[in-house]
């Protein structure tokens, strides 16, 4: 963000470097093909202009088959190579490393709300430590938003009604722009912010300075009691309700047959729409909490349930 | 199909479709495809300048990072107006309803399209849709963008949304009826001897376009209807608070709106395939490949819509499939470009305005197509989608490509349709000005997008200003260049020299009728025994 | 033509029988197969109407192409959209990651 | 007669008739995608919420729905017969059969209206007053959203069809059609049968789910 004319975006994530190589390859291929088209067009137009009567126009290509097959096959091979390259990087962009730290993001008109596991909260700002992979778990309170950090070369639409994730490994200290990339109403252009990639030490200082006295899971625990969830789901309640300890990441047998992975989306559905995928062995007595919780509350509950230790068996 | 025809001067009284009836009613109740084409031309020209005015406001506003000309809400309304008007009231109907209507019966050797009443009805529906859409957009502050993404549109837009959606719904009917008319006419009204492989490419490409119009438009109509009802009832199938999926809207919307891109570009490719052989005095290279590549684009073009959703939350596996298919659909476009170039080889090329536009089309379309490869590449699209990179990419196709082709067609067939010659040097000047103005406007947007500037931003960070100012400067050149033809073509209607039947020495049935053609097109049904583009071979 | 041709009478009776069959399937407790059975029976009924009542069986081959195009493109919309829905698994959990 | 109906762009009446019929097939192809779009929306919503949709669907009126399906099938049968009669030059018989088909269309609409009235009385109209006693009432509301939109659009198609049949029947009665010229009857009957096909699928998807539970 200096004063000069910018040509290239900053690079601050592990994929940005690979991305730039891919871009360079695309650019080289495009320029080569464009150059070919330009060159042939100007050459033919100049040489075979009607006023140039001296040129020999006989012996025109009649059979076009070998030409057609040639440029069709040539284009196809180049295209498929690009496809494979882009797909490979895309797949890796969708497989977060196991050690990634979760950070929750809630988009709403027109701000980004960030919730760290340790309880720190930010608006339109995200602080992360360099070299520590982060996995964002994102939800939207209203319409579709788009979480976009050009310096990371990453973008993900945040769709209401479900969780989406985005992971990155920030590899350069600095402050980078964050945008909303999906048009979301009047102040769409103002829904931007800053991502600060800090050194490990600075980040620890930042965490300490912004501590709120309780973790996200502890806020979820309070909500869990206030909403009366614990009345049935507590191990000692005596009501036939599933024990939530160690639920996250487990496969759950469903009543209609089959099983489902208890990921963020599953837990969300279980809270808001318990009749959709009821677990086997329990009656559907749980009420729906749809319309009673906002996304930040659901995120807190989710963090609480995910943090429940696996019950010793 | 001989090249040289007797240059008949058509100004005997009552001799042409223009002079057969001069009352207003004779125009408004006409069933003559040529008159309907003229009605369409006047209408879409008006819509083009309305959409262009909105673009001017956008570019003026983006001169400064703070976006001081209009406030955010107005800006959003303006770009919604720009998108809706340009897509449905100009680009989709542009070449098919004007040159398609005018030329297809002439090229088929027919007296009219199969359903002339339907053709007129389709124009009335188009005008009605335009008025409804404009009433909703200008009077009703709809600011959803032309894509009407859910749940923003049904849940958060003003009541006029329903008016705009109704307008687009009616517009869809118009488009469907035009498509139906073309498809049936090309199947059933070809003159004796006019086999499929003797059809001009313009007919092939309009046939492919018409198929898309018939089969994609209904899905858009029903999708927008679901949005409208959802808006009215406050609940619906795309509503996430009721278990609905906003991505379902995107699937159904892009099932139309991606093929719609081919509705916009295929007729342009048809125009270029007529003009390049005519000015190179040479048979079109690889006729069969150019013909079938139109059909291939139309069919494969239906299979790629998911590439608009790589970051939208669609399945990773679906993204892999859609990316693959998107690369496949680029192949037939590449085939066309190479065949046009090969047509130039050993031709006898002259550079009148239609040819300048056509050459400009090839270059701009190539840039648009190549950047299409960028955004078809999954990982690249993650960064570039919803930024100005995509804006630049599709403007290269639609403005650089389609609008250039429209102007090429306008100049090429102007003498045929009006019976007048336009002033050549003015036209060449405008063609060159459009080419440079266009590049100055839209090339900086590639850089902006790569830097990360999102689209639909009313204000932007200051580091992007340089490129935005360049783009706006280009837009002012482009605006002036687009206004020029209005004057010199208008002038030619009064003062232009009378046009002979075949001013370019082109092949094609339409050039064998007088300029302008008589109401019934042909006194006797022609018989065709030669392939198209039958330009003489040079003597050894 | 005081009496209708046999083939349209038989088709009509067949359609009513298929209708009864479809209602019977609804009560048969076919579980998760029931929706598919309903659609298959409905498609059979539609085929009878198309081929016999709409005389597609006797019409020009171009009519087949036109009628088929509509259903083919609808299938495209259906299949590719289904390709998204059916594979919306938790992708991160599928790989070695 | 044939001179008056032959348009200038056609070589002869057979050319014109077959072109008109082809046009209707093309129109039907577009209709397949228009109404098919609704089926796509329905299907994927149901895929996401199978139990909720089935529970809501079991509140539709199966008896009226089944009777109405039979009514439309019978009407299609009459129309098919009418089309054959018209092509045989039997204008009066064709007229009676066409009116019979149109009459059954009106019967369908009357029954459908009865059904609608009952459903509005049961507060199955989506919106603030909607009420449905199932485990997933929000899903039920979307089901009824689709129910009203899909059956409403079908009813509108049917109404247009009845009007077209009435007009064609009138002209058949007046002896306009002959062995050589009867394509309007063919064209309208194609449309009528198509509306029947749409209902066959609507019935299977909207009325039948959730019955065995």
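As written, the chains take the letters A, B, C and D, and residue 1 is the first residue of each chain.
The criterion applied here is as follows: contacts are C-beta pairs under 8 Å (C-beta built on N, C-alpha and C of every residue); 3 or more make two chains touch, one makes a residue touch a chain.
No experiment lies behind these values; they were computed from the predicted model shown.
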Task: Chain pair that, of all pairs, has the most C-beta pairs in contact - done: A-B
Open item on the list: Centroid from C-alpha atoms only, then distance chain A to chain B, rounded to Å. What do you get?
Closed with: 35
Task: Intercentroid distance (Cα basis), chain D paired with chain A, Å - done: 45
Open item on the list: By the touch rule stated above, which residues of chain D touch at least two different other chains?
Closed with: 18, 22, 26, 29-31, 33, 36-37, 40, 44, 48-49, 52, 136, 138-139
Task: Set of chain C residues in contact with two or more other chains - done: 32, 62, 69-70, 73, 77, 81, 85, 89, 91
Task: Contacts with two or more other chains, residues of chain B listed in rising order - done: 187, 215-216, 219, 241, 243-245, 247-248, 252, 316
- [ ] Answer with line, ring, star, complete or other to describe the graph linking chains that touch.
- [x] complete
Open item on the list: Which stretch or stretches of chain D touch chain A in the complex?
Closed with: 49, 51-52, 135-136, 138-139
Open item on the list: Which residues of chain B touch chain C once you look at their complex with the stated criterion?
Closed with: 187, 211, 215-216, 219, 247-248, 251-252, 255, 302-303, 305-306, 314-318, 321-322
Task: chain B residues within the chain D interface of the complex - done: 105, 110-116, 176, 180, 183-184, 187-189, 214-219, 221-223, 225-226, 229-230, 233-237, 239, 241-245, 248, 252, 520
Task: Contact set on chain C toward chain B in their complex - done: 62, 69-70, 73, 76-77, 80-81, 83-89, 91
Task: chain A residues within the chain B interface of the complex - done: 1, 5-9, 15, 18-19, 22-23, 26, 29-30, 33-34, 37-38, 40-41, 44-45, 48-51, 57-61, 64, 67-68, 71-72, 75-76, 79-80, 82-83, 85-91, 93-94, 109, 142-144, 146, 148, 150-151, 153-157, 159-162, 164, 177, 179-190, 192, 273, 276, 290-291
